[in-house]
Amino acid sequence: MDGFLAIMRNDEPLLTWPKEGPTRAPYRVMHDPEIYRQEMDRIFRGPTWNYLCLDIEIPNPGDYKTSFIGEVPIIVCRDENGEIHGLINRCAHKGAMLCIDPVGNKKQFACVYHAWTYDLKGDLTSVAFQKGLAGKGGMPADFDATKHGLTKIRVENFCGLIFGTFSDQVENVEAYLGPDMTKQVRRVFCKRIEVLGYYHQVLPNNWKLYMENSRDPYHATILHAFYATFKLNRLSMQGGVALGKHGWHNLLYSVAERDIQRDNYEGGHLRSVIRDVGLADSTFLDRRQEFDDGVTVAIQSIYPTCNIQQIYNTLAIRHTVPLGLEKAELHWTCFGYKDDDEELRRMRNLQANLIGPAGYVSMEDGSVGGYVQRGIAGAEEDAAAIMEMGGRDIAPQPGIRATEVALRGFWQAYRELMGF
Amino acid sequence: MAIVSEAVHHQIEALNTRYIRAIDDDKLEDWPALFTDPCFYRIVSRENFARNLPLSVMECASRGMLIDRVTGYRRVNVYEPQRYTHLLSGLVIEPIDASHVRCTQNYAVVRTMVTGEMTVFAAGVYLDRVRLGDEALFEERIVVQESRRVDTLLVIPL
Amino acid sequence: MDGFLAIMRNDEPLLTWPKEGPTRAPYRVMHDPEIYRQEMDRIFRGPTWNYLCLDIEIPNPGDYKTSFIGEVPIIVCRDENGEIHGLINRCAHKGAMLCIDPVGNKKQFACVYHAWTYDLKGDLTSVAFQKGLAGKGGMPADFDATKHGLTKIRVENFCGLIFGTFSDQVENVEAYLGPDMTKQVRRVFCKRIEVLGYYHQVLPNNWKLYMENSRDPYHATILHAFYATFKLNRLSMQGGVALGKHGWHNLLYSVAERDIQRDNYEGGHLRSVIRDVGLADSTFLDRRQEFDDGVTVAIQSIYPTCNIQQIYNTLAIRHTVPLGLEKAELHWTCFGYKDDDEELRRMRNLQANLIGPAGYVSMEDGSVGGYVQRGIAGAEEDAAAIMEMGGRDIAPQPGIRATEVALRGFWQAYRELMGF
Amino acid sequence: MAIVSEAVHHQIEALNTRYIRAIDDDKLEDWPALFTDPCFYRIVSRENFARNLPLSVMECASRGMLIDRVTGYRRVNVYEPQRYTHLLSGLVIEPIDASHVRCTQNYAVVRTMVTGEMTVFAAGVYLDRVRLGDEALFEERIVVQESRRVDTLLVIPL
Amino acid sequence: MDGFLAIMRNDEPLLTWPKEGPTRAPYRVMHDPEIYRQEMDRIFRGPTWNYLCLDIEIPNPGDYKTSFIGEVPIIVCRDENGEIHGLINRCAHKGAMLCIDPVGNKKQFACVYHAWTYDLKGDLTSVAFQKGLAGKGGMPADFDATKHGLTKIRVENFCGLIFGTFSDQVENVEAYLGPDMTKQVRRVFCKRIEVLGYYHQVLPNNWKLYMENSRDPYHATILHAFYATFKLNRLSMQGGVALGKHGWHNLLYSVAERDIQRDNYEGGHLRSVIRDVGLADSTFLDRRQEFDDGVTVAIQSIYPTCNIQQIYNTLAIRHTVPLGLEKAELHWTCFGYKDDDEELRRMRNLQANLIGPAGYVSMEDGSVGGYVQRGIAGAEEDAAAIMEMGGRDIAPQPGIRATEVALRGFWQAYRELMGF
Amino acid sequence: MAIVSEAVHHQIEALNTRYIRAIDDDKLEDWPALFTDPCFYRIVSRENFARNLPLSVMECASRGMLIDRVTGYRRVNVYEPQRYTHLLSGLVIEPIDASHVRCTQNYAVVRTMVTGEMTVFAAGVYLDRVRLGDEALFEERIVVQESRRVDTLLVIPL
């Protein structure tokens, strides 16, 4: 297909976006194989910063962790000088994946296939039998090892989060995020953190459906009935939406203790407020106000596929990796702070019942993505999602929570990158 | 392996059978009663378990929390209708004291959706601490999932 | 691909049909992803009537049943006035499937994702937080709910069968079927029916291979050895083929009691007449002549994917739904009549051993589709099936059963719609 | 759960084991003899079973009909060569009277085709009425399939 | 897609090969669906000889065995006169696969679908109900059975190996192989053989990755640590590479008893020489020198997908069949000689622990193919494997083992056929 | 089916349980000790087995060879990290003589990769010759795989 693509590229785009602009998202972008292939090129290999891992996951020289940018396998490792490098997890010889274990420690990266060996910077240090044997065979005299290292990508450590990009144009992470977004990252990564564990959730839908979901304050308190029913998060609570890079990124936040219009729920007829339901043992909801801004739920999206989550005392980074056109994997890294006292540790642990694939307030995001993917199957050429909640423009909406502005921002960025 | 009496063996198997029937026959309300109160029920991936990471997929420290999971399943959460078929094998019972045993056993769960789609949804080991008596009860059941992945969501306990 | 398709459309067709016309079917139509996509557009979204469900399956206001037209998920429901509606099972907001349970009763359709709610006609009745909260957020003042209902499709109730179409051109069902076909539908749906149960069978083949199969009297008594061996259905029995809409639809019928040329089997060497085999308990074949025309087996095909079956006393509607290029799902709805006496009920029940995925005379249709799909794998560009049995034209053949005229009719319709 | 004697337990397990061996070892001719005559053997989807719809995937009311299914399999029907591997768990036995018990049990069947393709072909519960005696026999076995779908075809009984 | 293909064909190729020529292989050929489709046409249906089976597997009239050329299902059978025929395993009527069992004996090939019957030469001998019934129906009078036989392919029996081709241009097998390759085939098939059994291994990678692997002496003693650790095969042992048809085919050989430069391993730091490991019971390595040339390991590749293996006393033919773009099936046929004595039979049997999907020196070829397929996922348009070991040209290298010349040969042939 | 004593039954089940735990709990070093020495361990496809073809996927004639397979797994061979979950059913025990029995039993193995990918990797029957005693040991275990296919590779014994 790429052959065909190559031709198309110089020609018109694969898609004409609806005239309504970012308030619409054509369903075709969720099941067109051609568009998917272009995304790998224009978004993931384009001018974007992609979350890879945490620096504390590779504290020592030789430590590495594997990740993905789109479909491309990546190694993030720390060299002898403590410097962090990003490398494509693909041997320069014939393409074998170098690191199979998702984490580990290596003095060097030796490929199992023919033992080409790379140092922790990704430079080729040895080619097995380069000189052949008994002067026979081996690599040509003019073979230049310096030209055959691993493909290096640009990485940056921002507040302990390692981001990577294939682009040398894109500005640095701080500029990429912009002041409001960096503020929130700094808020969460204010002190030394500690990984509490991981979730890996296979989503039965195109990766973008989850990206929309995590930018959508509108669904949170409706789909996730647990939120509203137990008054953990409601649109009626104070909060709003902050944007970064004219909408590429965003932050959704709310303050549980400030419910400005309870009636809207109590009065209303949302299935998501289930009246006669109670909890037999709510100790798993025991929580502590650990941020002085009083924000209880804060979901941040960093374009394209990174989310930083604070739901009460559960803290996590979510990284979405496409697994083909109609499947994606959501990698959760849950953490706390090094200085957590025992009570707080226990709180985070039990509150984890709220999140992840079995989370009281998150499991639905697994099913709803599939509902959409199946709902739009065979959709007409011009069928599209509509996002006009909170207006049609893309601007920060401090006091507003009943809004889809963050989704419009997502699609705006998508169009810029894809040329649609 | 230390030996345990026939009687204990039967108690344990009866307990596990009730456990399966409660879940697979969709009588989940019977499920909490198979645990002591307080108790410890935990679903955890081998990935986290092997590295002693505290994070669980599901964790209940009391019968109440088990009951709340049933409530979530029946009343609150949104998911596609589905059923489980449990399969067990390789049960080992080791005595702790006169009234407690430790059990290890393989499990696998076939999940069937309303569409008819079937998958091996989970497989791994049950690590149990069981209190014996007129009827045995789980003081602790740790469900270790060999897979680090969960497909779509997990709403029915394993 | 659709991008590419869009361009192609104005250009030449994706396929040039063999000069022999409808006596040939190129194997490429069974494994070309482009052609498959066009089928969704030109056949299922084209001027065809597609079986959806039975009206007795949704007897009461609020009752609904889900179905499919090609890959598009459909809801069929009955409103307060008893009127039946067809709606795409896709929320007008962001595309989530509305009804997950295949059957149910609803006062309204509330989407789990953001609680947009539609009445039983598919009109949008409420948008959660349309006015926002405390005057903040919500939908723009000019948001016109009447423009954002569910996509409605044309439905018709013919003899208790609900058909749906995306086309406003296509004639009504009665005209679409034509006199001979409506006659047969009326014959089977002559009185109040009762659903006995369902089968769902996944076929390892392109949907069209099953459509051919069900139009093929030639295979029935050969592949299904049980038929011939136990003299339930043989080509030598009286019968024939009736056509509708110049071959789009058809009826295959036979009369067991009138075997005009037994020798053709007894004498022949067909594996399908197995001599030394007997039944230990043939009570499951106990049957009653319930139609005065004496027809014992009647298989009707309504273009594109609906079959109405009478095999002795087993009555069923079969609906084929494509599951991608090389897979399909066959949905059986088996029924009897409200006024069946106990003996007849028992007969239908035991005779069901003949049909469905484990049916003595139908299970082979499951495997043979896969045999063809695998047989034609990697086939040369010009390889094609040949259908010249019973001549090369397309006309009703009353007395004739050794004929493929109904298949030629299928391919004729296919070419008309696909523009091949 | 009411208690049944060890002996009964062994009888039932022996019966189920013979059932598995007859099918999985391709000695299907031994299968009808595990039922009384008349008997009731039924394969039904949860979809139909839960709604009390009479339609079965397979239904035999006598040993003769069971034998005819073996004949169909051996002599008449056309299908790709395949074998089953049965897995059972969660057996509950409840006494009806001195000589009859009701049994509930999970089953799963892995189907392997001649090409080598393996799938979880069926999973669900066996609902049995067993007549005890020198050797226990099935008076009734209802095979409930959790999935409403059958892949390709079903020719070997479950 | 083929519609599109048809257009493209007359246009430029789907791929522009890197200027470095056969020392490079672009990763795109491993995951581009278009290129895969062209391979079926240009390689497997092109001027190549494809291994099908052994003549001793079908010793008697009526014996048949099924196989594949690319994705096309093939029947190889022996007729009444002992002549061997190659037929597409696809009924001429409507395409049903004729032989489902991989092996068997038939008097004729009768299709289960409509009982069209073919003799052992593939000619159509009977069409069920050709004359219809009672003079009604049946095939047109002018239906010419001779025009509707099974598609026959050219087959040749060379030293007991049956090869098949769709091409009538390609030279005979002996010329196709050339003198050096035929010499090796004759060496292994020097006397009557006996099949010891089969393996079927599903490879998680594009078929070409295994073809590279089996042409690669470089990896053998590095990836397969067992080889080096237990001194069964090392690059330092005497050996070399012979080529056939200017590199299409090749032979890799080594002589265990002649290790000319042990230090290269002992001294080196290859993981593949594991020092502190020993065998508790090495009787499974008991072997006998059965060829007087002293060659202990000889792997021959016959373009495109056939390998003939001698690893000590394990003899096998390996046939790789593509299962779509990113999967393939490796069919092993292991054999010995009719005149083997008991001791040698036992040796072959226990040595089999070295080979197959669980083989001490071959299991890694199963995993490494997947490592490459996953390593190259989402690779940039211009990313390519590099093969400069042993120079950049394509010529026999008698004394040389540290070389990738045989891989360069493979890609040279690939480009010739694909027109890249 | 001839009858064997309860005691023998328990011995056999204990042996099979130890077998499962050794493999599935990644204590493969315990595995060879479950066999006599010499012994006969063979993994073979139904395809080869049914045609009496001698070729095996894996074949060990002594404890030493079993140990070497453990060595290969731990030290020598290259493969993606993976674990098994065994499931057993349908055990039949037939006496040979006072100290030996023949056993037939279904097995299925779910294989889970480090990525989380789960598959039914193998299914079929164990054909055993067991030597009874203080603890039963396998004199012979033939693992028949219904599937002729092996996915990717087989490094951990079944």
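A, B, C, D, E and F label the chains in the order they appear, each numbered from 1.
To be clear about the criterion, a residue touches a chain if its C-beta (ideal position, glycine included) is under 8 Å from a C-beta of that chain, and two chains touch if they have at least 3 such contacts.
Here the structure is a predicted model, which means the values were calculated and not measured.
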Chain hops separating chain F from chain C, counting only touching neighbours: 2
Among D-E, C-D or B-C, whose interface repeats E-F's (more than half the contact pairs identical)? C-D
Quick check: how many Å separate the C-alpha centres of chain D and chain F? 27
For chain A and chain F, what's the span in angstrom between their mean Cα positions? 43
Specify, in ascending order, the residues of chain F that touch 2 or more different other chains. 78, 80, 87-89, 114, 116, 120, 148-149
Note the residues in chain A that touch 2 or more other chains, in rising order. 1, 4, 100, 112, 200, 202, 223, 364, 368
Full set of chain pairs in contact is A-B, A-C, A-E, A-F, B-C, B-D, B-F, C-D, C-E, D-E, D-F, E-F
Which residues of chain F touch chain D in the complex? 1, 46, 87-92, 104, 106-108, 120, 123-125, 146-149
Interfacial residue positions of chain E with respect to chain A in the complex: 1, 4, 8, 13-15, 27-28, 32-35, 212, 218-219, 222-223, 235-236, 260-261, 264, 268, 270-272, 364, 368, 371-372, 374-381, 383, 385-392, 397, 399-403
If we count contacts the way the header does, which residues on chain E are in touch with chain F in the complex? 195-204, 223, 225-226, 229, 274, 277, 279-284, 329, 334, 345, 349-350, 352-353, 356-358, 360, 363-364, 366-368, 370
Would you mind writing out the residues of chain C in touch with chain B in their complex? 100-102, 112, 200, 202
Could you pull out which chain B residues touch chain C in their complex? 78, 80-81, 114, 116
